[in-house]
Amino acid sequence: MARQGHLQIDRVSKQFRVSGAPLHVLDAVDLSVAPGEFLTIVGASGCGKSTLLRLIAGLDTAFQGNVILDGQRVTAPSLDRGLVFQEPRLFPWLTVAQNVALGLLNAGLGKAARDRAVSEHIVLVGLDGFQDAYPHQLSGGMAQRAAIARGLVNRPGVLLLDEPLGALDALTRARLQDELQRIWAAEGITMLLVTHDVEEAVYLGDRVVVMAPRPGRIAAVFDVPHPRPRDRSSPALAGLRDQVLAALEATTSGPPPTGMVHIASRPALAEQVFLPAE
Amino acid sequence: MIRRRTLLTGLGTALATTRIARAEDPVTIRFGFANVGVDNRQFSGGNAIATAHAEHYIDNELKDLPGVKVEFAFFKGAGPAVNEAFANGQLDFASQGDLPQVIARANGLRTRQLAAGGAHAPMYLAVPPDSDIRGIRDLKGRKVAIFRGTNNHLSAVKVLAANGLSERDFQGINMDEASANAALVTHNIDAAFGNYGVLLLADQGLAKIAYTTKGDNPAFERQATLIAADSFVAKHPDLTQRVVTAVVKASYWSSQEENREAMFDIWARSGRPASVYRADFAGQALRYRNSPLIDDYLIEQYRVQGLQAKEYGLLRREVSVDGWFDPTFLNVALKQLGLEHYWTRYGADGKPQGGS
Amino acid sequence: MRAAAIPAPAWPAMPPGVIAVLFPLGLLALWSVSARFGWFPPQILPSPTEVGTALLDLARNGDLARNSGISLLRVVEGFTAGSFLGLLLGIAMGLSPKTEDYVKPLFTAFAQVPTLGWIPFLMLLVGIGEPLKILVIAKAAFVPVTLNTLAGIRAVPSIYVEVGALFRFSRWQLLRKVVLPAAIPPIFTGLRYGLTHAWNALVAVELLASAEGLGYLLVWGRQMFWLDTMMGAMVIIGIVGFTFDRIMAVIESRLQRWRLA
Amino acid sequence: MKRALRGTVLPILLLAAWESASHAHLVDPRILPPLELVAHTAVYQVTDEGLLRNLAASLLRDMAGFTLGTLAGIAIGTILGLSRIADRLFMPSFNGLRQIAILAWVPLISIWFGVGEAAKIVFIMAAALIPVVLNTYEGMRGASTQLVEVARTLTFTRWQLVTRLYLPSALPSIATGVHLALIYAWVANVGSEYFMTIGPGIGGLIIAGRERFQMDLVMLGILILGLVGFLINRGASAIEARLLRWRPV
């Protein structure tokens, strides 16, 4: 599979109707993600970050604008785009190996190739020895690893991660963050991680996108130029984290949603803002 | 297709993976009895058709046709069950009583009557030995078992009417013979209408007979005939002829007084002792009871049965006896066997007629 | 959680009630056509008009009201007796594990045999009169009511019981204020099952031994080869069963709402 | 141990009362036959009257009707549960029809399917079908939307969605339905032997016992009914546990 993973989000807007009134979940979002980039998205709840991910995944096609992956418009889910949810969402009646193998169901591989890919990815996420365990026998962190393996097993160009570590305890979470980073480096794929944890976003991302709610839109984009492996406690990262946090706070503490906020919040952060490329 | 089968039975049969209709020979003739022996013994009794079955008259008549077999089925549900089987195309021939036959015709079942087989049969009212019921009139307000839809039923209705009663004057409970016998013994009911089956209880001292149609108006008698599905007759007139001939032969044997005891013994294979049949036939000539003739008396009986069944609310619409009887096979058999004048023909008025 | 069904083609905008009757209407139409063209002999499938007429006749000559009344009365009597005993036994076993130890095995053995199996036994024991019918129906209601009452009481969350203990409730207070109110919804579920079972048992016992009632109407129709009457009786049996179920469902949902509140 | 002993007190008392009443002729021994007579009847039925053959006939018929009813029930329940159109069109009718007490179908089925095993099997099938349809339907409707999304991201086909997601996730519910179907089929089997044509079987045995006024035979039949019901129940629970071992306990 040619792995490129160049993702382009082109003036994407989406509305829901909430008791008759339109609610702008996404408003003219523009974003371009380079192949192999690790992009993280932070935002307050309701800013549409998860919705954006679902649109990219192709789960939801009722929107305006275009999502383009390697020149192809996204219209439906595809094995080129893996998605890992906040909950592991493992099929409870299948073992770990069978759950991972679900990802290859429509990949058109032979049985031997499939088995090999499954065990490789189980090893990759560090679940070796748990192939035959049922989901209810796994801890939260292990289940999430299995879900990540399932998302990766197709070797997708883009892996979309919707707060996959949100429900985990701090220790497990830190370990999985490193794990993710290692996998990303090893596989060289494009990753989009949605999170509400600014520290996580800064630690993992090449760029951090801050989204603002009502209407959901991109408020700011931060570059994280620090080389890997990164040190969690480095003052440089901490400084960046504070800036992102400040930007994030600005999106929620401001006056309620009008078109004004959109413009008002940007100049204040001008020096860090990178307008979406191209 | 040998047998007429409805779509549904076809499906049902396929489900049960029982016989599946084949396109050509061999033929299985399916013969039903509106009666079953004690403990579900596969024998009947009380008429010449039972003799024909027990003594293999029909099988013998078909001996030179290796592809043709006869299967006998005995219906605990009596006449109504036989009708259901005919409606499903699961029977070709049956020995059946008058009311079920009238009901079948009124509902448009395509069968015809080929010979008499158990005409002039009596009906009884059995009561517990210590009962104070001495006759039909005493039934008022009592709990009485009637097997509805059988020829006992119509006979009972007529007897009741003659005594100024109707089914509404007592608590009628619908029960088959075996249930009624059990209920009578346990005093669950006060009386039971029935055929020779109740004589078994009387024989054992468990009941006594409070009334019988014997010696009463012959119009109260129960009739029964050999019937066949129209479709079978049309398709296999030759086989039909053989079956009728076999029944006439059995009737002839069963009509000879010197065979009386032997015949009761044959019928006793049904589990009802010979004494029961002896009592049932006591005082009546075998030639009278076992005549296969379709005479004016029989036709008139069915005509009247139809009218009365309507009158007593057992039928919804008028029925006409036209086309019910088909004596052609019977006449051929009688001629073949030289028995044209052996049995007495009775007129519509019940009086003997001169030879035909 | 409700699953979004597999993406379904848009159905013409019609209220669900209308869609619901399309199938029965279609079936009825097919049935009429089949009767008109004689696809099935009328001895196997009478025409819908005949069934309708038979029902009307039954209604007009009073047979319907009389037989339904008799059946309903039997069910009410049997159900009341059976569920009352079931409640008593269920509560007794639920509150006293000792009682359960003594009674449960015998009860289980008794409940294991289907009601249908007990009918011939009871026929020999008490005859075929009204007591038989009441006993059979009562047995049918008794078993699910007992089991659900027992389960309902056992399922009362221990935290409630602990609260009661904290306030030094007496046994009686505990029963009245805590256990019974908490157990009412499952007990009612038992009553609902009990009524369904009772209705089924009524039909069984009336088919086997009766001179009146809706079950008897079926037998009568069968023996007289009146399929229209028979099918009419089936319709009535269905309607009564449906009504019972609806009534119980409405009461049940009321109780559930109260429990959530 | 103590608890188990308690459970035997009432049955022993009951049997003792029975035995003494029967021997003291307090009750007509035809109504309460002494227990040894029941035991004797049991032995006699097994050795001389082919009780086991009767039982085998009953069980075989039961299994045939149960299997057909269950398979049809799963198929119907799946379609009703997954297709909104089918649900709207047929479910209300199904809910209406199932309110007709199952035994009320006996006369109609006998007339439609005639005498013989076919009608009985159809009847048993109908009895087994109802709980399976209902539970399969509920199970399908209860499938997690979250897993449906996973399946969509993995580009499941419709068939894969049904076989890999809906059916397995409905399995616990289907198992409940099948379990009920086993019980209902057994009851319906007895009903078919009571009300349809006579054939070999345990129900026929009980009816014969009543007609011949042999309480011992009736009791033997009841005993067998209960025993078979119990074993069926146990077996179903075991299979259920095996099939659903992936569920957290």
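Per-chain numbering from 1; labels A, B, C and D assigned in written order.
Following the convention adopted for this analysis, a contact is a pair of C-beta atoms (placed from the backbone, for glycine too) under 8 Å apart; a residue touches a chain by one contact, two chains touch by 3 or more.
These numbers come from a predicted model, not from an experiment.
Common neighbours of chain A and chain C under the contact rule above are D. Counted as hops between touching chains, the shortest connection from chain A to chain B is 2. Among the remaining chains, the Cα-based centre furthest from that of chain B is the centre of A.
Contact analysis places C-D first among chain pairs (by count of C-beta pairs in contact). Of all chains present, the one whose mean CA position sits nearest the global mean of protein CA atoms is D.
One simple way to say how far apart two chains are is to compare their mean CA positions; for chain B and chain D this gives 38 Å.
Look at where the CA atoms of chain A average out and do the same for chain D: the two points lie 52 Å apart. If you average the Cα atoms of chain C and of chain D, the two centres end up 17 Å apart. Shown for chain D are the residues in touch with two or more other chains, namely 110-112, 146, 210, 213. Residues of chain B in contact with at least two other chains: 8, 84, 87-88, 179, 186. Residue numbers of chain A whose C-beta contacts span two or more other chains: none are found. Which chains touch which is summed up as A-D, B-C, B-D, C-D. On chain D, the positions that touch chain B within their shared complex are 68, 110-119, 121-122, 197-198, 204, 208, 210-213.
Considering their complex, residues 3, 6-11, 14, 30-31, 82-85, 87-93, 96-97, 99-108, 110-112, 140-146, 148, 158, 161-162, 166, 186-187, 190-191, 194-195, 203, 206-207, 209-210, 213, 215, 218-219, 221-222, 225-226, 229-230, 233 of chain D touch chain C. Taken in their complex, chain B has these residues touching chain C: 6-8, 80, 83-84, 87-88, 103-104, 106-109, 148-149, 171-175, 179, 183, 186-189, 314, 316. Residues 57-59, 76-79, 81-83, 85, 87, 89, 91-94, 102-103, 105-106, 134-136, 150 of chain A touch chain D in their complex. Interface residues of chain C facing chain D in the complex, by the touch rule stated above, are 1-6, 8-9, 11, 16, 19-24, 27, 43-45, 98, 101-106, 109, 112-114, 116-118, 120-121, 123-125, 199-200, 202-204, 207-208, 215, 218-219, 221-222, 227, 230-231, 233-235, 237-239, 241-242, 245.
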